[in-house]
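As written, the chains take the letters A, B, C and D, and residue 1 is the first residue of each chain.
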Amino acid sequence: MRVRVLFFAAMRERIGRESETVDVPAGATVAHLLTALAHAHPAVRPLLDRSRVALGDEFVPPDARLSEGGEAAVIPPVSGGTP
Amino acid sequence: MFRVVEAPIAVSELLAAVSRPGAGAVALFLGTVRDESAGRRVERILYEAHAPMARAVLERIGREIESRWPGARAAIVHRVGTLALGEASVAVAVSSPHRAEAFEACRHAIERVKADAPIWKKEYGPDGEEWVEPTART
Amino acid sequence: MFRVVEAPIAVSELLAAVSRPGAGAVALFLGTVRDESAGRRVERILYEAHAPMARAVLERIGREIESRWPGARAAIVHRVGTLALGEASVAVAVSSPHRAEAFEACRHAIERVKADAPIWKKEYGPDGEEWVEPTART
Amino acid sequence: MRVRVLFFAAMRERIGRESETVDVPAGATVAHLLTALAHAHPAVRPLLDRSRVALGDEFVPPDARLSEGGEAAVIPPVSGGTP
């Protein structure tokens, strides 16, 4: 199934785009997706290892299931707010 | 009021949003762009957000504040885009019947924003530019 | 900026007064007139000050803050006269390089104002009017 | 010697004026002044007992000396700031 993946900040810059579509097996989890992304973009693997994933407005754990046509956001360590 | 905005933050709007007859105290926090970060000079900062999720996270933090401190009312606004020195990147306002709770809840809210809002900053200075990762330093 | 004023407090003036390039955080506290006090309804409050001494005490508190928290800058304004519900009687703003210090210093300043500024309030409500004496309640 | 005494808030209302001039012996202290005020205005004695005295911009202790033609402010318990 196909999942749209959103990239932000350092991840977006290093991958060179704001989003991409990734093919994963039916029933795949967030952990599967991260593995697929690490293979596709080995240069960002250390940053991926420090990132969380959000589905919709919620952070989800690695065993959360993806859904066909869904959207997943890769959230590298955040630094909003203030010094 | 929970917003991700591109224009300068209007403090008066946050204060109005939390104003209520039962409130005797309002604590407001502003995070502002300073000229130094981890020993490097900073000239400006770019803030980027996963905006729809960031807005939802700010609202969730606000509701959490209001349920944990009864009588509290919160407003949180985060700005995105390029900010000059001294400009406010984030504003948190909390009103409460008494001052101890207003301070505590405001402090809690900004810590939560820093930890969970999907917002990133890139610092620009004479030595180059860099996406910032959080450290233990407050 | 350390003032005793009769006109409504202008928050933006306090924020401007503590703004500086090295500040990454500003904590602002507003004390506001609430509709209840010790179980009695309140309709308005009269604040009276020994104005010249009060101004000097506010300035002393500000200097104390700035020496105890290096890099901090403080502004304190207290209003006098008759205030309606929701209006701010006092505003304290503290800027600091980092947020923990801004919160602590702001909290400290308002406690010092309450303890030592020669300012008094008289509450007016449906049950009459009364000069208020401090209690242990925050 | 003569000292001008300032009253505020509840003290001002109960005494009925904002200030008055009090005669005290040469070299008198703040404690002397408070005793004189308590005699002159017995109704406010409990409030006087809870009050501090300021000379100029400073709170002073009971053994502080007054000066001829000086001004002393009686500061009942303060309640500025916030609830």
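What we mean here is this: a contact is a pair of C-beta atoms (placed from the backbone, for glycine too) under 8 Å apart; a residue touches a chain by one contact, two chains touch by 3 or more.
Predicted model, so just to flag it, every value in this text is computed and none were measured.
More C-beta pairs touch across one of B-D and A-B than the other; that pair is A-B. Measuring from the averaged C-alpha position of chain A to that of chain C gives a distance of 47 Å. Chain B and chain C have Cα centroids lying 22 Å from one another. In chain D, the positions touching at least two other chains are 82-83.
Counting partners per residue, chain B has 24-25, 29, 31-32, 34, 97-99, 110, 137 as the residues that reach two or more other chains. Taken as a contact graph, with one node per protein chain and an edge wherever two chains touch, the assembly fits none of the named shapes, being neither a line, a ring, a star nor a complete graph. Contacts between chains, counted with the stated touch criterion, involve the pairs A-B, A-C, B-C, B-D, C-D.
Across the complex, chain C is touched by residues 6, 8-10, 12-13, 50, 54, 56-57, 59, 73, 75-83 of chain D.
Considering their complex, residues 24-25, 97-99 of chain B touch chain D.
Within the complex formed with chain B, the residues of chain C that make contact are 11-12, 15, 19-36, 85-86, 88, 95, 97-100, 102-103, 106-107, 110, 137-138.
Across the complex, chain D meets chain B through its residues 82-83. Interface residues of chain C, counted against chain D in their complex, comprise 29, 31-32, 34, 37, 47-50, 52-54, 56-57, 60, 78, 89-90, 110, 113-122, 131-134, 137.
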